[in-house]
Amino acid sequence: MEHPFAISLDVGSSLANLTGSWRTSRPVYVDRLPPCNNACPAGENIQSWLYYAESGDYESAWRTLTIDNPLPAVMGRVCYHPCEGACNRAQVDEAVGINSVERFLGDVAIRNGWRFEPPQADSGKRVLVVGAGPSGLSAAYHLRRMGHAVEIQEAGPFAGGMMRFGIPKYRLPRDVLDAEINRIIDLGVVMKLDTKVDRIVESMREGGFDAAFLAVGAHIGKRSFIPAGSASKILDAVSLLRSMEGEDQPLLGRRVVVYGGGNTAIDAARTAKRLGATEAIIVYRRTRDRMPAHDFEVEEALQEGIMMKWLSTIKRMDEGTLTVEKMRLDESGFPQPTGEFETLETDALVLALGQDVDLSLLDGVPGLEIKDGVVTVAPNMMTGHAGIFAGGDMVPSERTVTVAVGHGKKAARHIDAWLRGDAYAPAERHELAGIDKLNTWYYADAPKTVRPMLEIARRQSTFEEVQGGLDETNALYEARRCLSCGNCFECDNCYGVCPDNAVIKLGPGQRFQFNYDYCKGCGVCAQECPCGAIAMVPEEI
Amino acid sequence: MNEQTTTLDATQKLHFYQKGTFTVGNRLVSDERRAVQASTDRSNALTCGHRACQGCGEALGARYAMDAAMRATGGNVIAVNATGCLEVFTTPYPETSWQTPWLHSLFGNAAAVATGVAAAMRVKGRSEVRAIAQGGDGGTTDIGFGCLSGMFERNDDVLYICYDNEGYMNTGVQRSSATPPGARTATTPAMGPEPGNVFGTGKSVPKIAVAHGIPYVATATVADLHDLERKVMRAMGIHGARYLQIHVPCPLGWGSASHDTIRLARLAVECGLFPLFEAEHGVVTSSQKIRRRVPVDDYLKPQRRFAHLFSTEEGRERIGRLQGLADRNIAEYHLLEAEGDA
Amino acid sequence: MLKQIEGSRAMAEAIGLCRPEVICAYPITPQTHIVEGLGEMARTGEIKNCEFINVESEFAALSVAIGASAAGARAYTATASQGLLYMAEAVYNASGLGLPIVMTLGNRAIGAPINIWNDHSDAMAVCDSGWMQLFAETNQEAADLHIQAFRLAEELSMPVMVCVDGFILTHAVEQVDIPEQADVDAYLPSYEPVQVLDPKDPISIGAMVGPDAFTEVRYLQHYKQTLALRLIPEYAADFKSRFGRDSGGLLRSYRADDAELIVVAMGSVNGTIKDTIDEMRADGLSVGLVTLVSFRPFPTEALREKLVRARNVVVIEKSLAVGMGGPLANNVDLALRNVAGAPQVHSVIAGLGGRPITRTSLHRVLRRALVQPWEGSHFLDLNEEIVAKELHYVRKVRRSGPTAENLLRRLGQAADEAAVKTAV
């Protein structure tokens, strides 16, 4: 007894009192699925790479990003970023500019010449990838990193597919595209250009391939029958955009009409404008709000002076004139003819009515099913013919670069498993980290950074890139706007707010641990976790 | 890499901390700029194993304040505690949760006992050791008020911290002079012509402290740790009488969920009922602006002590009066950005 | 050094020689001159290294002393009467925490009716609070007891109350020998606390103690006071050897060894009693006196030793436990409990609210005790006529009004009647 009995006590002696026994529910650390990740067709772990980016560790960010997607500089330009549409921050102020940070990282990687880690060991298996578009490149990249020998056979003279032949330069500069494709080839992927696969089964046998991934895309422009005079200049949008990659630029004349309402129609019209058309008019049979094209692209086109003619169908074309019938929408939103006609002065008509797939390489392959012009694949991306997988625009899905890249990754995982006589089981999806799981009070108000845009005059006359990128300060700022939904970002809140000191801080990068000896289960940590990375679970008593 | 670091520093200066501006820590800023509570070196003046209820705001507030004071003084703190929850749940024989020198004497004399401690330290030539008195609102605004006022007017070198949970919780939730109007307590039941605590009663001890002209007075909340720690640090940087009143929700007494402790403290500030301000030598010098203003309903509704207000027409009218009190605070302390600028 | 000096000043100087480090002052008659003296000495630097704190109440005064003492400073305060009651909660707390505070109690009656004059009601009100209580007979002893009190308090870690009769001692100017600083320093070692608030070696003081240990805490307090029964005479003897005079101790006897009748009393009244005894002895009456210095701890055995051979014991005390009688008499009874052939104990309540205890009255009551001892309490010089009138009035009239005022009115009437008679 060092000091007076009972009245005076040794400091910290309450550690003997294990208050954890009071608990009826316990907090547990969880990783919930961020909405951005959930929405990303390429399956990127966006929250994770933003986590690195916001600390200025761009290389780790880029490496995390490219685990899922080998084309960040491309993606940062052409992706329609459904991630941002799902971003919880949109409900606080504005969505995080994920796409712009992705582009920043892609550009930094190109500038610094970062390369992919080569595979650790070769599997001894050979995989044929048909088509060097986004889907094929993605599949080749993933398969190669898994250790397989990959050969891409591409019918055209350049790799890139629709990224090169469908997306105009002013949206995707070709040096960026080339840099990211070359980085994949540098992994040891064999790229054979001007090599059209006519008979897939034969090609596989001849090359000694164990599996094939078909990603030939959809690049045959759909034609609609439009009565036309002999001198009428009618061409399809895909051909127009493809010809932009050739030596000679196409001659369209001063007045160009584009028929269609998708993104390709917009691209075609904006290209025509840049080629010198004084009038570039998009004719679409419905209204603006029903256009499949993304609104921001419509907006950019309007800024550049593209004209829109809604509720109109083209009935016929004569030399220099188009006959257009006005339409009206019926109760169900379908356009119906009105019998009213008008004429437009036109030098060229560009049809942007969608694309078909050239499926000739599949002729005679047993087991395949073709439906509505595309190949049916199982959930593992395999066609009806064992060992032949397919993805991208040639299978039923949304036709975007991002979806295609996602297909490539998904197919690669299944091909890899199939080659090992196994089946790929995707990881169980975590619970979605919706806004209701967050405590947004802890985030300061920070509006989205606006990316610089090229001035209008130059947008109307050159193919310079329209949208600029972020500089480092902006990119950091933007990355730090991420709420880190569902994933601990080591803010120390749980460590700080516990009234019972029952949270153990494990140090940088190690996160935290609950001390259940003392945790009374009050739930303050879970309530005050900004990002929803703590769940309360009932104790079994 | 060097260039990158430079840019990072530049952006830090620009306060680009979308993440972690208000959180306890932030891996993106230097240790000094994080809250004391973010540090594994914090003193945990109040450690594990105490017997506070689940989600106790006072346990939290006491650790926040004492750890900050320990940081500010290099560990040279002696605490004097009034009788009350904080005393009972931290020091039931044979265990204490305190890790600092700590003394409990009586319910109503914490301020005077701390005066004695400060005097002893001065006379012993150890004036680097600082005295802190702490108590609940009962021990401060009621029974300890005489000693508190005496300590103030003598300008004794004591920081008095009142953990304000708006009632006598230790004895079973009775009314104190810090109980808000309308609140149901065991001695102001939700019955009769004026249910709950009577409107027009109670007192603002922070204001009374300001009227003493003492060097420093502040209010703080467990919902804004950075602000709280800054105020404790500021207080410990000053000699003479200082007063800090920290709003600490009480799940037991307020009839709220244990996990809502900080949320309620935050809502009390954001609706205007608990204004955060600082005063020096009798003059209010600053106030913490409301970030996301909410109606008082948002604050009152999760608390069963106010449930009776929501069930009748008269109750709704009383909620209106509470909103009036909040509005008055907002105007008086310039709690909204626009008004502050005006 | 011999000084012709007021009692309060003498005490202040003695306290100053004890090198108090924190002094808390709140004024209350008749204690004021003590703290005024200390305040002045602290200001002039006569007492070095001392914090003199003017507080807002007695409750705060003792509370400040509690904090100072727990933080390792030698702490002192003084009070009286109402002030002691106002700090009562802290009185118990200081002893419960084992803090060696020394407090002077300028003994004064407790209201209502409000009364500023001397009796021992205040000391009795807190006699069981765990403080030691030493009663001074003279101004010299009042000064000396403080020096012994600090040593006793700090040795046992228990607070000590030095009880001095208000006005009779505090305000009387007498010759007092004020000790030299060096002698006091040699007698009183510097304060070495058994527990102290120190960031270098933190502890929690003032835990909540439940049924599991409360009895033991109380027992240990009691046990310490039994230790004091040994220390008090020891320190008094040491004091005598250094300063050459008898001051303190548990008790003193005067002509009591062979006395048939022994008077027991505390405080300044002992002087008058001694004179009375001398006169009675001159008349051949066998009377002696035991002066109690230490009321807490109560020196049961020492007192029994002194009283056991007498036939009758008369306890004269300046306090009344209403509804019971004399608390000192009750305690004296305790000393004789279970003693075969023990003397009879008779209680005299005297000097309440400052009423003078005269030799005439003492002669009357002591001579009566020799021939016709009484049971129960005898109220010395009680004006029975006035009491009877008031009792009669109260029985008759429901709304009889306040007793104190009624008595004053009757006293006035009696005085008038006496004046008329004299005139006639």
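By letter and in written order, the chains are A, B and C; residue numbering begins at 1 in each of them.
Simple rule for what comes next: a residue touches a chain if its C-beta (ideal position, glycine included) is under 8 Å from a C-beta of that chain, and two chains touch if they have at least 3 such contacts.
These numbers were taken from a predicted model, which means no experiment stands behind them.
S.K.: Report the most central chain, judged by the distance from each chain's C-alpha mean to the global C-alpha mean.
M.R.: B
S.K.: By CA centroid distance, what chain is farthest from chain B?
M.R.: The chain farthest from chain B, judged by C-alpha centres, is A.
S.K.: In whole angstrom, what separates the CA-based centres of chain A and chain C?
M.R.: A distance of 93 Å separates the two centres.
S.K.: Nearest whole angstrom, what separates the Cα centre of chain A from the Cα centre of chain B?
M.R.: Going by mean C-alpha positions, chain A sits 49 Å from chain B.
S.K.: Using mean C-alpha positions as chain centres, tell me how far chain B is from chain C in Å, no decimals.
M.R.: Inter-chain centre distance comes to 45 Å.
S.K.: Identify all positions of chain A at which a residue touches two or more other chains, and write them in rising order.
M.R.: 6-7, 9-11 - these are the residues of chain A that touch more than one other chain.
S.K.: Listing for chain C: what residues touch at least two other chains?
M.R.: Those would be 97, 202-207, 209, 213.
S.K.: Please output the residue numbers of chain B that touch at least 2 other chains, ranges allowed.
M.R.: 90-91, 93-94, 96, 98-100, 102
S.K.: Considering only the defined contacts, which chain A positions touch chain B in the complex?
M.R.: Those residues of chain A that touch chain B are 6-7, 9-19, 22, 54-56, 441-444, 446, 472-473, 476-477, 480-484, 489-493, 495-502, 505, 507-508, 515, 517-518, 520-524, 526-528, 530, 536.
S.K.: So in the complex, the part of chain A that touches chain C is made up of which residues?
M.R.: 3-11
S.K.: Under the touch definition given earlier, write down the residues of chain B that touch chain A in their complex.
M.R.: That would be residues 4-5, 7-8, 10-11, 14-28, 34-35, 37-38, 40, 44, 46-52, 54-57, 59-60, 63, 90-91, 93-100, 102, 225, 251, 257-263, 266, 291-292 of chain B.
S.K.: Which residues of chain C touch chain B in their complex?
M.R.: For chain C paired with chain B, touching residues are 21-22, 24, 49-51, 53-57, 59-60, 63-73, 75, 89-90, 93, 97, 197-199, 202-210, 212-213.
S.K.: Taking the complex as given, what residues does chain C use to touch chain A?
M.R.: The contact residues of chain C facing chain A are 96-98, 157, 194-195, 202-207, 209, 213-214, 216-217, 220.
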